[in-house]
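Next come the structures, one after another.
What follows is subunit A paired twice: with subunit B in the first complex and subunit C in the second.
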Partner chain A sequence: MKGLNVVLGGAGLAVFLALGEAVPRLGLVKEAYFPPTSRIADALGDEVADSAFWTALGDTLTGWALGLILASCAGIVAGVVISVVPYLREATASTVEFLRPIPSVALIPLAVLLYGTELRSVLLLVVYASFWQVLIQVLYGVQDVDPVADETARSYGLGTWARIRHVLWPTALPYVMTGVRLAAAVALILAVTAELVIGAPGLGARIAIAQNSQAVPEMYALIVVTGLLGLLINVGARTVERRALAWHQSVRGEVMV
Partner chain B sequence: MRRLLAAVAAGTFLFAVTACGSSDDGGSSDGEGSSGGVTTVTVGLIPIVDVAPLYLGQEKGFFEKQGLKLKLTTAQGGAAIVPAVVSGQYQFGFSNMTSLMIAQSNNVPVKAIANGIASTGQGGKDFGALTVKKDSAVKSPKELEGKKVAVNTLKNINETAVRESVRKAGGDPDKVQFVELAFDQMPAALDAGQIDAAMVVEPALATIKSQGGREIASSLVDVAPDLTVAMYFTSTQYAQENPELVKKFQDATAESLAYADAHPDEVRQIVSTYTKIPPAVLEQVTLPKWPAEANRASIEKLMQLGEDDGLFKTTPDLDKLLS
Partner chain C sequence: MLDVRGLKKVYEGSGRRVEAVRDLTFTVDAGELVCLVGPSGCGKTTLLKCMGGLLAPTGGEVLLEGRKVTGPPPGMSFVFQEYGRSLFPWMRVGENVELPLRQKNLDKARRRELVRDALESVGLSDATSAYPWQLSGGMQQRVAIARALAYEPRVLLMDEPFAAVDAQTRADLEDLVRRLWRERGITILFVTHDIDEAVYLGERVVVLSASPTVVQEQLKVDLPDERDQLRTRVAPRFAELRTHVYEQIQAAKRGVSVTKSDTPPPH
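So, the complex of A and B:
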């Protein structure tokens, strides 16, 4: 089954790449504006040979990872506190719903005003966007706690901390993992976007320079790199999720009674 | 499970520590710092041909001679540079004149202190032009009435320039439909017929020409003969507190501009280090002029036109902006 999936995935990719080669070659779009796959691959080869590319990749990954860690920690802590403290959830609900849909990109002028075009600007945008992904999942996860289990823990005299550790956390963990996985993708998008728009060093800034320079194949090569990064991050996040939830029914695949 | 979590925790901790370390390094050189008589200043630039003199001046040691070390950072445009200069994240920045005048008329505390670039002043041989597609019927800017014309930013210098070209050709600029499009997207949009004309600058201009596109006007030349298109600026506060540093920056920049103007080959060479302009295109690129001093008369003309077109809420105070 897994082997078949890999074959199908590979075939899909091959067709996609062949289309990318054929469409410009057949003149459906102009080669000058959308180069065929082979030229993008050439440009990608040149990029990979350039040390500045690896520095940019490192910058992007730093922004992504730091942002994701900060957002995840903050999201988990805030989510648990909001759920555990009485009335806090009701009191914050409208504020959360007000803040959550604000696009991170709209905060770019604020980020630049505060931090210039350094890493911290990227972090502000990344953390803002991914924090809500985690927070919302934690809130749902905590809501999912079995009241009977919670009452049982209470009657056994478990304190607040022990109940968070043994009842709330295991229930919320699958949700948290989903939140972190979503946040990982959002964080990458925002890291690249921030670099693209603000010009903070990284892959996004390189894409912007290639755009301004009319270096079309190089631009697409860099875009391919961001796509590959996204793919790797998703695979990585799923692996972590499976490992961390090895005990959970959704992963074990059997019904718990 | 517990071991995995511990490993992840240790890994993230290590990562955070090293990452913080590297960002700290960035932080200390970030603002302005001096050591051994050398002051480091951060300059916000756009990664285009226009700012080549600073890269060249840095390489030739013109700034070092004045006791300045430049930290050149690039941003996508004035929207990112102006706030960073005003808040002191950067000491200097690069911006076009209309944006600076709009900022000044809105009481944003900026001061233009050194010349940036000027148009070549020669019609048909400028670094920016109003262009149409190879087989377009449009021969004169006057015929753009009712047509779609792309500019990189609405209500800014390029729109003013196109309007002046249309006016000079005897047309009514109010009848032109302006749309906003990034320079780099203009060649494809023009080719595909999504727009009828594009006000474009290098290197996109070279791309359009290589696709057979035609120039119908050198709009920046139409505004004023030797139009000062952009300048380097700082915040009023920084200019008041550090007059000597600003003077040094002005002197070094003037020397760099003169050098760049006299050595086009070296300019093309240095441009290839901070942009990705393909060598074949770079050879075709028309370089701007880099006079050491700004041309006040041309800026006044640009302001007058901008005012006629309703760009400013209040009249910009050029004495405040330029002195």
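So, the complex of A and C:
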């Protein structure tokens, strides 16, 4: 079954790439704007050979990773504190619901005013967008604590800190993982957007340069790279999730008795 | 050992006032095995949680060795009915048993010794590195009992611990509780809704009334110390006692108050 899925997935991709080759060659779309697959692949090969490309990739990944780490830590700490301190959840709910839907890109002018084209501009946008993803999941996860598990911990004299560490955190962890996985995808989107719009160094800025200099195949090649990055990030996040949650019913296999 | 004096618990919330426990007074002596039975919904769990320091009573008090219980006392451990939710699925069996000991500032060697000893006495020495969800229901409840034992309690509170396991496993677990009680000299308060179980296990049975709860009757179980699933359960005295408790519970459900006594029914 799994083997069949791999074959079907591979076939689908091959057909997609073949269409990408054939449609421009047949003149159905303008080749100048939609270069065929082979030309994009050539451009990708040139990019990979260029050290400036690797610098740009490094910049993007730096902004992504730093932003994601900051947002995750802040989201986890804020989520736990909001849940544990009495009344804080009720007091913050409306503010969170107001701030959360603000699109991060709406903060671009603010970021430019504050930090210009520095890395900090990218970080501001990335952190703002990813923080909410993590925070909301942590808030849900903490609510999921089983009253029986918590009473058990209390009956054995576990204090607040021990209960956070041994009961609340493991219960919230599956939610935290989902939050971080979502945040990782959002962080990549925002990192590339920030570079593209603000001009902070990175893949986004390189895409903008390619577009301005009519280097259409190169532009597509860079877009493909951002797509591959997103794919790798998701696969990586899922692997980490499976390792850390081996005990969880969503991951563990058949129960043996 | 354990004194419950005038215990009262009223739940108040959203305009509803529920008097779960009205006025309960009874004692459990050191080294006794007492079973609490009552009609369903009579506040057995509420009572036990108040005794374990998990719930604050509205009135009255609970004393453990003469000291008022205000929070979970260190000399007491609790076995819950919902073993699946009471054991932590993210910890292996050994870690589950060890966790409460880490709060007790015991050194590692001592903790390991207690864990090994507790798992051995419930017959699960080889399950230390398994996860709770890899075990059957009965085995999971054994782990929960081992965790309670390793804590070295003087008093063990058990809240309908075998209500969710099958009949055969249940018989085994009942004998396990009897054996541990005799081997370790722990004071045990065992809550159940099963009359046979109460009579089979207990040295004394406390029958509770329907909610709002008071003590309907206290009954000494004068069965021999050595009990056996086959012979004890068919003994004429066992039948008499269970009939008596059954009648008391039926009376409790109808709300008939019967004079409280410590004398068992005549032979």
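Operating definition for what follows: the second predicted complex is superposed on the first by the 251 of 257 C-alpha atoms of A that agree within 3 Å, B and C clash if a C-alpha of one lies under 4 Å from a C-alpha of the other, contacts with A are read in each partner's own complex, and residues count from 1 in each chain.
Note that in this section a contact is a pair of C-beta atoms (placed from the backbone, for glycine too) under 8 Å apart; a residue touches a chain by one contact, two chains touch by 3 or more.
Keep in mind that this is a model prediction, so the values were computed, not measured.
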item	value
Which of subunit B and subunit C A:A184 touches, first, second, both or neither	neither
When both partners are placed on the shared chain, which of subunit B and subunit C touches more of subunit A	B
First (subunit B), second (subunit C), both or neither touched by A:Q214	first
Which of subunit B and subunit C A:G157 touches, first, second, both or neither	second
Partner chain in contact with A:W247 - subunit B first, subunit C second, else both or neither	both
Which of subunit B and subunit C A:T62 touches, first, second, both or neither	first
Subunit B versus subunit C as contact partner of A:D146, first or second or both or neither	second
Touched partner set for A:P170, first subunit B, second subunit C, both or neither	second
Contacts on subunit A seen with subunit B and repeated with subunit C across the two complexes	247
Of subunit A, residues touching subunit B in the complex	30, 32-33, 62, 65-66, 69, 108-109, 112-120, 196-199, 205, 208-215, 218, 240, 243-244, 246-247
Subunit A partner contacts - residues on subunit B that touch it in the complex	1, 4-5, 8, 12, 15-16, 19, 22-23, 26-27, 30, 42, 44, 46-48, 73-76, 79-80, 83-84, 86-87, 89-90, 182-184, 187-188, 191, 203-204, 206-207, 211, 274-278, 281
Complex contact set, residues of subunit C against subunit A	49, 52-54, 72, 74, 76-78, 80, 82, 85-86, 88-91, 99-100, 102-104, 131, 133-136, 147, 151
Contact set on subunit A toward subunit C in their complex	146, 148-149, 151-152, 154-159, 162, 166-167, 170, 173, 247-249, 252, 255-257
